[in-house]
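The structure under discussion is supplied below as structure tokens; questions concerning it will follow.
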Amino acid sequence: MSSSQSLLELLSPYPPGWGGVLLAGALSTVLISLGAYLVGIAIGLVGAIGKLKGNRPVRFVLDLYTTAVRAIPELILIIGLYYAGTDGLNRILSALGLPAVEINGFVAAVAVLGIVQGAYMTEVFRGAILAIPVGQIEAAAAFGMRPRLRFRRIVLPALLPNALPGLANLWMSVTKDSALIAVVGYQELALATRIAAGNTKHYFLFFLASAALYLAITLISNVVFAALESRFRRGQPTTA
Amino acid sequence: MDFSWIFSYWPLLAAGAVQTVLLLVISVVFGFILAIGLALAQVIGPRWLKLFARGYCTCLRGTPLLIQLWLLYYGVGSLLPMIPGLRASFLWPILREGFFFAAVSFTLNYAAYEAEVLRGALLAVPKGELEAGRSFGMSSSTLLRRIWLPRAVRIALPTIAGEVVLQLKATPLAFTVTVMDLYAVAYKVRQDTLLVYEPLMVVTVFYVCLTLIITRAFKVVEAQVPVRR
Amino acid sequence: MMRSAAALLVEDVHKSYGQHEVLKGVSVSAQNGDVISLIGSSGSGKSTFLRCINFLEIPDRGRFVFGGEEVLMKPGREGRAHPANWRQIERIRTGLGMVFQSFNLWAHRTVLENVIEAPIHVLRQNRREATERAEALLSKVGLYDKRHAYPAFLSGGQQQRAAIARALCVDPAVMLFDEPTSALDPELVGEVLKVIRGLAEEGRTMLLVTHEMKFARDVSTHVMFLDQGRVEEEGPPAQVFGAPLSARCREFTGSLSH
Amino acid sequence: EVRFGIMNEAYPPFFTKDPSGKWIGWEIELMDAVCAEMKETCSIVDMSWDGLIPGLEAKKFDVIWSSMSITDERKKTIDFTDKYYNTPSKLIGAKDGKLGAAADDVADKTIGIQVSTIQSEYYKKYFADKASEQTYATLDEAFQDLAAGRIDYVFGDAIPLAEFLKSDFGKDCCEDKGNVKDDPAILGTGIGGGLRKDDTALRDKLNAAIAAVRASGKYAEISKKYFDFDPYGE
Amino acid sequence: MMRSAAALLVEDVHKSYGQHEVLKGVSVSAQNGDVISLIGSSGSGKSTFLRCINFLEIPDRGRFVFGGEEVLMKPGREGRAHPANWRQIERIRTGLGMVFQSFNLWAHRTVLENVIEAPIHVLRQNRREATERAEALLSKVGLYDKRHAYPAFLSGGQQQRAAIARALCVDPAVMLFDEPTSALDPELVGEVLKVIRGLAEEGRTMLLVTHEMKFARDVSTHVMFLDQGRVEEEGPPAQVFGAPLSARCREFTGSLSH
């Protein structure tokens, strides 16, 4: 790249500026994160209930899941699922006489990060449910609410204010963890940053630019989480 | 499966494991202390402190740890040699080390995440229990030390356990500032020996054991106060 | 369902927490329109007994019949029984109203929302009708003004009244009241007394834990004195308060006039 | 169709993505020429450096085309084509006018080296008792520490190092200290395409194509755009 | 500190929540050994008044003197006053014991730990001595067996007794009781009555919110009837219960005999 290029030109969204690459990377980051987050919430709710209410084998399996998945670095899980996992899947498929599938980076990313998020969410939800005064759940039971209804009408709204800070944390971390997906060649914001920086050798410019983009994602998420929190904290006296 | 490499690499592996554990312990301990301050600042601090703490948490949770680490190490760190005399001073051997920067930035980052968890937990403590403390004339600091904080930490325990494990898994990033932690050693072994899975398996076993220890420890603490369910 | 059957028949309930046996075989039988008061010293197992009746605590042993329908139990571990079918229990619970000793209002819902929650979501009633009935009940207990307040902002007595309105709004055949007037002033106690009398006249059955002997005497058709997990004395109020057979009961009711 | 596995980080001037997302660089143009010669359609799969060998074995692609040096160690696991370029290894360091890349020149200095490269092996044999080593995950990180003054030298493949010295960032701080004495047993016999061991058909085809591209003058034509010397070596 | 000064002098307390004025100028003055009962209908502001006295709620206006020491106030926003010095309040609070209407036991501590918390960590007493006194108090309220239980595992009355023991253990000069017997059976009410009488004889001052008129009559030296945030009637129990001047009070205490 010619040295006469000003810093602003380097960040321009149109080639030869690298802004477009960063923006596209940011979009992939958001999409991967959103997918993984939703998968994680679903797993987490089921997992938390299972841990609290399930029988012995269910609890054992869930304990195994949360400890193992939380213990193994995401990077190793991603590598494992992407290489060994697709290999195994295709072997099963071919044994069944089915055509091989190509698991692309996006699906692998969402699946792996979602499974990881699910383990953390299980713990966050479990803690949040335990923090609900028992009496409130008993009152629901006393009115003949079925477990499902009880969960939807009483437990869920009551656990959310307890869980939201943890949930927000997980969202923040999944937007960053999505960077790991670069190992299977999926280009999101972190990798886009490295490519731009490595190409131009303007390391700081691009680190800062990408920090700004991540921050923008966060600030927007914060607005959403703050709105959720003020909604779900209604009924609680404000100053503790 | 080929694990013969372990014999020639075990000193490196052991050194790497020590680095990993050190980074974890340093960042969790100091980060937690910092987090208490940040959480309190957000809940009961004066306006300016509240804003500062909010801003701090937003920025540190809002950008990837990797980029914070780089900005600190390659950014701030590269300005340091310009300070006259620093290169000759006794501080230079520390400031030159990636470990120092990794420990600092992990601590700052962990504090931001933990502060957020603690903030929520502080708000979740039933108001009446705090009033009971005040009614006995507890000063704010006694109330905090004896009732509010312990109660909040209890509420937050499962989440804190999760954050600690997350922090464990963040330690491999230190490799990008030349710290040879366990993951870096495994990476090196993979490149040297071209074994794809075996080094990762060894590392995984280590991380799983460490995680088990962490979660067990938290379970023991949690069980101190029985929960009626 | 046989019309002549007892509205509620509970036999030989046992319940332990760990080593501590809280209920050592308590039975009760109630006809429609009965108001049965449970009195007894603190920690004698009154709340536990009420909570066993709607299976918030799982009794270790016991037979439970609601309006002729027996709760199916199956043997569990360590010789303890368990309900065989939670669906059945959930169905039966819809016919039981409960006022908790600690109110247990849902903190995330306003007073009105607390009251209409079960009618709408359990009994699937129309929201408008439920709201109308709820508002009428809230007026009756003097809480109409506070219907949009959240529980955390209410006085103790207001919370208790909200809990009573919530239990009444499901129109239950059997009501379980755990010290429903503990936080109420004498005027309101009088109001609640009227409400309970009215319900009894409609043929509803009530089980009532209370520490106010005067209240128990005025309202009940039958009084049970619980002591250390056993029914020490029972009978019509005149007997239990006037001429108790058991020495312990005499002591307890005697302490009325300190 | 032949799928080429390329590292997903910038490695100019050999391969990198331009801002519009297109792959560019010497190695890419060579790949196109080779493909034309083989009359094959070619596609690129990008992957992290440490994912290349697993990716090859998991059949995510068919050949590693990512400036990978042909070494005995790697040959135990994968196969290589004939070399298609060769590059000496060199040291760069802070500007101080003291040139030289022998063991005595680096005495008591810290050398930054990318983890598990051929240079890392070379260091062990020639520099280890005089100098100390600092390990980096990528060359880019080593460059930044060199500029910051935390290390005294970077040791790596000559061409990417020269590329760094040409950049705005490297121009001001650092200079070329010279090539190290060759040791083919360690530094390898050049750079080639990495293949699965059983894939001899593809290897033969690629070898023929590389030879043809070189013979036809296409190789020289491509190289002229990037270098003022012949990257093939002797 | 003047020995002759009133133990407690509170004048003209005002408190609003938003638009709703809960206290409209309530005053009380108590000498050492006085037992003052606050009665009144639910929502009339009794708890709020007690909570203003130890500044758990910040009153909008009012004058507070404890044993001759006046609480310094400074004008705040919107014409409201604020305590000028929180240190002073913390110090004064150490001499006030409070039993809450909703108990507010610390859920993360056992009964015994709840009771010794303030003596050890506020009054800096020796742990062993505090424990001994706490155990004696717990025996007195019949909770010795449960001293190692966590609050969530106690019956309502047991929780209330734990809260009473906790308040007594700091040996306060002035005690604020918010319905301390609401969850207790008549026998225990009698016990608490005895305890309160004993404390009064020691010269301690007590403010007591209660709905049990009989209890109020038996225990108090002075009774205040609160209605809608105002003192409607006050005087010796004989007057308030026997021959109240205000019509509203007559109505309220009249409802005793429903």
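Think of it as A, B, C, D and E in the order they're written, each chain with its own count starting at 1.
Following the convention adopted for this analysis, a contact is a pair of C-beta atoms (placed from the backbone, for glycine too) under 8 Å apart; a residue touches a chain by one contact, two chains touch by 3 or more.
Note that the coordinates shown come from a computational prediction; the quantities given were computed from them, not determined experimentally.
Shared contact partners of chain B and chain D, listed by label: A. Rounded to a whole number, the gap between the C-alpha centres of chain B and chain C is 51 angstrom.
Between chain C and chain E, the centres computed from C-alpha atoms are 30 Å apart. If you average the CA atoms of chain A and of chain D, the two centres end up 36 Å from each other.
Rounded to whole angstrom, the centroid-to-centroid distance between chain D and chain E, based on C-alpha atoms, equals 82 Å. Multi-chain contact residues of chain D (touching two or more other chains): 50, 54, 144. Residue positions of chain B touching 2 or more other chains: 74, 127, 196, 227-228. The multi-chain contact residues of chain A, meaning those touching 2 or more other chains, are 79, 83-84, 134, 161, 203, 236-237. A list of each chain pair in contact follows: A-B, A-C, A-D, B-D, B-E, C-E.
Across the interface of their complex, chain B is touched by residues 50, 53-54, 57, 73-74, 76-78, 115-116, 134-137, 141, 144-145, 147-150 of chain D. Every residue of chain C that touches chain A in the complex is listed here, in rising order: 51, 54, 56, 86, 90-98, 100, 102-110, 117-118, 121-122, 150-153, 166, 170, 176. Interface residues of chain C facing chain E in the complex, by the touch rule stated above, are 17, 39-43, 47-48, 101-102, 142, 153, 155-158, 160-161, 178-179, 182-190, 193, 211, 213, 218, 251-253, 255-256, 258. Across the complex, chain B is touched by residues 52, 67-68, 70-76, 79-80, 83-84, 120, 123-124, 126-127, 130-131, 134, 161-162, 164-166, 168-169, 172-173, 176, 179, 190, 193, 203-204, 207-208, 210-211, 214-215, 217-219, 222, 233, 236-237, 240 of chain A. Across the complex, chain A is touched by residues 8-12, 16-21, 45-48, 50-51, 54-55, 58, 60, 138, 140, 143-144, 164, 167-171 of chain D.
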